[in-house]
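Shown below is the structure under consideration.
Letters A, B, C, D, E and F mark the chains in the order given here, with residues in each chain numbered from 1 onward.
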């Protein structure tokens, strides 16, 4: 169930039997020579919609622009400041809570979002904690690429060379989602360097083609399909635990 | 050309011959009994992509959540505060300017965004104006539903009863984009009331089913296609004037 | 009734029979070769005070500095950032609401304020809408220069050449208010160019003497008086509709 | 010279021989049973204009709404939050600095503004200090009621009973400026209590009629004139020292 | 009683008989040739802990970084912007109020903090005043160096040459607290210049070794001990008046 | 070398041979029945000072109040909002960078700070990345409790029962630092429950005595000494790699 394709009455009916929703959150940033700029938005969006269709879970709008300051040295990358992304998360959560949603599951496609979204959750909770009240909502950030099944499939397909940015796994998943957008590019070096970084100038100097530790040359739609299936399974498992576990605890 | 499906090298090549980009901007908010919550995001997205494909214009990420505080009385509506949306626009513009984009055309699907996005532009310009410098970028906000051809088609199809929210025109366009999401709903009253409003409680009390002044019962994909063609034409015309006019003025 | 000349007990008595107030809002910015920097603050102030005296409406402090970033290329212009002006409007409204005012009518003299003040209203309403409450106050922004009678008089006096900035109409009104400040200046060209603009550098390059589309050379105090009378009539009509209409709706 | 009655060309000419400007800053807040709500804005405005006329000093717009949270328990009082007032001061200063003003003298009428305006100055200076640059501007906050001559006249007229809020001195000055607004009210007790306070509820409970330590029953326009003359003298002396002293130091 | 050395149960027991707490607040900034960078944090910390031990008053964490933008021209100085320090004070107060503390006494060691902390208090009170409620907490800022006994001892020890920054009194107190950190430095000139300043570049040009109006060459631990005793006496007197006076007023 | 005990000239000399500094960052929050509220500030402070003394590294002020919203259900806990802590980190970094520090190492004692401080770093880097410049500074966040040697010692001493909050390891370290503050408390249950949490109400309901997964009953100063030695070793190793590695990379 895609929220954008529902009427408000349909959402009202959904709320009669469920208080949970999935919000895909990603980024628009370079993903190396053969990876798509939208990779980190596309992956959680297609996974979330897969879960939504198979399990009648409502899927909200994809927050497609994230915290990607370190990628701004490469054309086309777009970043929100952490403070801006925190405000976005706060307003989206507040809007949903207003309607009675109590379990908001952010399915994330971008490592660079993790700290900021976590801080955004704390900002929301702090409002309640400082006032001495109790938050009526539960927030969860799940990274699709760290799901149990996804990591098994990733290891099986790429062994230790999946890397940390512009990975074969995420590129494959986008090729599965958008087969026409697949690109054939020779990687040089085969496996990119990896390591820490600071701002966009530092990042570009260390990772000249944008990849970090990865070799996405074997990325393909077939792999992507396997990863999609694994990710839908992971997401449904953790989402339903999140929603039901919390409900059980509340009883 | 969809930015999310490009690599950064493809964007770099695009920038060699063009400095313009279209950013669809919309909202997730109720659109009456048969209108989709994503209407205002879907419309500019499909129009922008139409222009992008036909005219090789780069289309950035859809900013799908806008300023829709007045719709929060209806389930599923999501709103950013004006100050949050201003920060989002500022960061997106700053990111694009960093890469050399000079003409950023926001194609808007939601009346409620107009004041806030205009204020966001002024906030960006003010930074330059207070510092005594000159902004190296041009910003434009265009509302697809006010395009010259779109208004002609709208008048032809619906006469004076298109209304101001959850209109037959926008609903038709979404049915063209997502035929399976079309809904058949009896409207009562046939034409909804119209008028000013304040917050979400006031809005809901005045517009009980969410429509304002509209009768979208005749909305259909066929109308949507005509509107799509008109909107692509309008957008391409004003976009190319924006990009070329400014370039001419700069010579 | 000027708020600044009342005691708090007088305001308390006023609130026993009325919950409405007019807040003049303007700008301090260049107005071409013969227009005063304070034009946009002076006009709504004198009109509001005219209404206040004739109809016993309370008139609050003139918010004399507005959003005028585009005029900063001309000496003496002062601008708030949009975000600052939004904070000012929010605090003024919150203060008045605290005392029991429910209908706050901003009489505006400056086109550049419109988007920002509208966004400020939405920011205030959003607070209520996100919290699920109902705003107990009504906000209205009225532009004196767009009043029905004012536009009739303007058309009668200046035909189509009133222009959009440093207009004959507004200059006349300030000469009526401050006859000693009237200046005689030869305009060259007679009618200034008009069109869109961006930041202050862009504005100055397009509008070298500060006027936009106007020919204020015939501005005079006599015209100003006619415009004053028209504006008082317009303002009283829309103010009383605003206050009474809302009250009727509330019954 | 009133900035609001100048054209931009007149300001440009002024800047050829002076880089200084006076900005009156005040408040709209209760001033006891016979004091005007605008007292703290009116006083610095009339004094500044007096200096402006006699000594050809440019006088900018009165910032008429200040930090008066503690007065909000009395009808008609309006307050900005400290953070809002800081933003206003920052933008006004930045605008003036943009034009080449280097000495900005805030003539203040309200004790409650002092801490906030001082903090605003530090916020502006901090920007430079953190960046390792040097501020090209000088800021000064002067309180008219603490001027040397004003305090002599106040002591002569009212001895020790001038008090700290709604004082005979400030009320007299407003009666001089607006004789028709003078009110005759019996004070009870004759001299109001004085002391510290916190928020508006605390203030109202301690100072039931709004006065603090004052007996303004003898306030009159004649006293006001003497205070006006003293204040113009004080302001001109400290303003010219500010502008010239700084210039001498710069040589 | 040091809060950092308590368990939460011990704090709970403390709250059964007292609702007051002391928060030392200072700065890390240059203090001339023989003064320590931590001077303004060390002084209120040791005084507060002295009061805490002798009188069983709870002492919270030292807010050791303050508003010191003007000192940033000297290595090692650290400053918060005023807006940042205001946010810190607000969150600390809100946290303590949450637990039931009603009287929060900030013992300050740095003149540069006074305006900002005062503005922070007003920001907190404004929240209540604008909402029409009553703050349930009392805030006080006390400057140890302006205490009655401290000023007597300072005058006795240093006569009129204590100065206004890097004073003999504060240096002595730090030497008493940290005898091993005492430095012997020849001062040149013996007594430093004094006067107003703006940003850090201006400050450094006027006060080349960092001192303002002081001669700290005779600073010593013995003096420091006398000042410590005086300051503990001052602080206990004003703290207990603050806590008890307010309680009496509440009855 | 403690910055607070240096003069500015001493810092100037330090900067001639080193550009690195350690900033301890912690929290004031409940740490269970026998843990001190200052635990997370005390631990990094004593470790940093240990490194500072043995290896001549400059140690800046302890940022002793962190992001601890989830602990606010227990008396004495103090929290900054994430946005406030981000502003503090930004200003501290900016101040140090102003003086020429290029490597700023935050030694952290509190898990709840990690996301927020990471987001703060990104906010600082984003400023550079959006402007297209290069940050001249390197920032690192290190958690003492995750150091290699510390984890070995922790495992040796407490096996798997160290837990995640109010751990035996951190309590021991504070007892080593403040032996007189050690408390003997019977824990019930012996090992506390563990798991995720949201706001302070949720935290308190799940962790009634404040501990998470820990059994700190065997905490003692002797263990603390071993942990101190391990932590000094860890910190010196990673600090010197940070400072030197970056310098090597820059060559």
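Methods note: contacts are C-beta pairs under 8 Å (C-beta built on N, C-alpha and C of every residue); 3 or more make two chains touch, one makes a residue touch a chain.
Note that this is a predicted model, so its numbers are computed, not measured.
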Every chain in contact with both chain E and chain F is listed here as A, D
Note: chains that touch chain D and chain F both are B, E
Chain-touch separation of chain C and chain F, in steps, is 2
Counting C-beta pairs in contact for B-D and for A-B, the higher total belongs to A-B
Dup interface of E-F (contact pairs over half shared, numbering-based), picked from B-D, C-D or D-F, is C-D
For the C-alpha superposition of chain A onto chain D, the rotation angle in degrees, rounded to the nearest 5, equals 180
Separation of the C-alpha centres, chain A versus chain C, in whole Å, is 47
The distance between the C-alpha centres of chain A and chain F, rounded to whole Å, is 29
Multi-partner residues in chain A (2 or more other chains touched) are 72, 79, 81, 83, 91, 95, 98, 129-130, 132
Touching pairs here come out as A-B, A-C, A-E, A-F, B-C, B-D, B-F, C-D, C-E, D-E, D-F, E-F
The residues of chain E that touch chain C in their complex are 129-132
The residues of chain E that touch chain D in their complex are 67, 69-70, 72-73, 79, 81-83, 86, 112, 114-116, 118-120, 122-123, 125-126, 128-130, 132-135, 138-139, 198-202
In the complex, chain B touches chain F at residues 91, 94-95, 98
Chain B contacts chain A in the complex at 2-12, 15, 28, 30-38, 41-42, 60-65, 72, 74-81, 83-84, 87-88, 90-92, 95-96, 98-100, 178, 181, 183, 185, 210
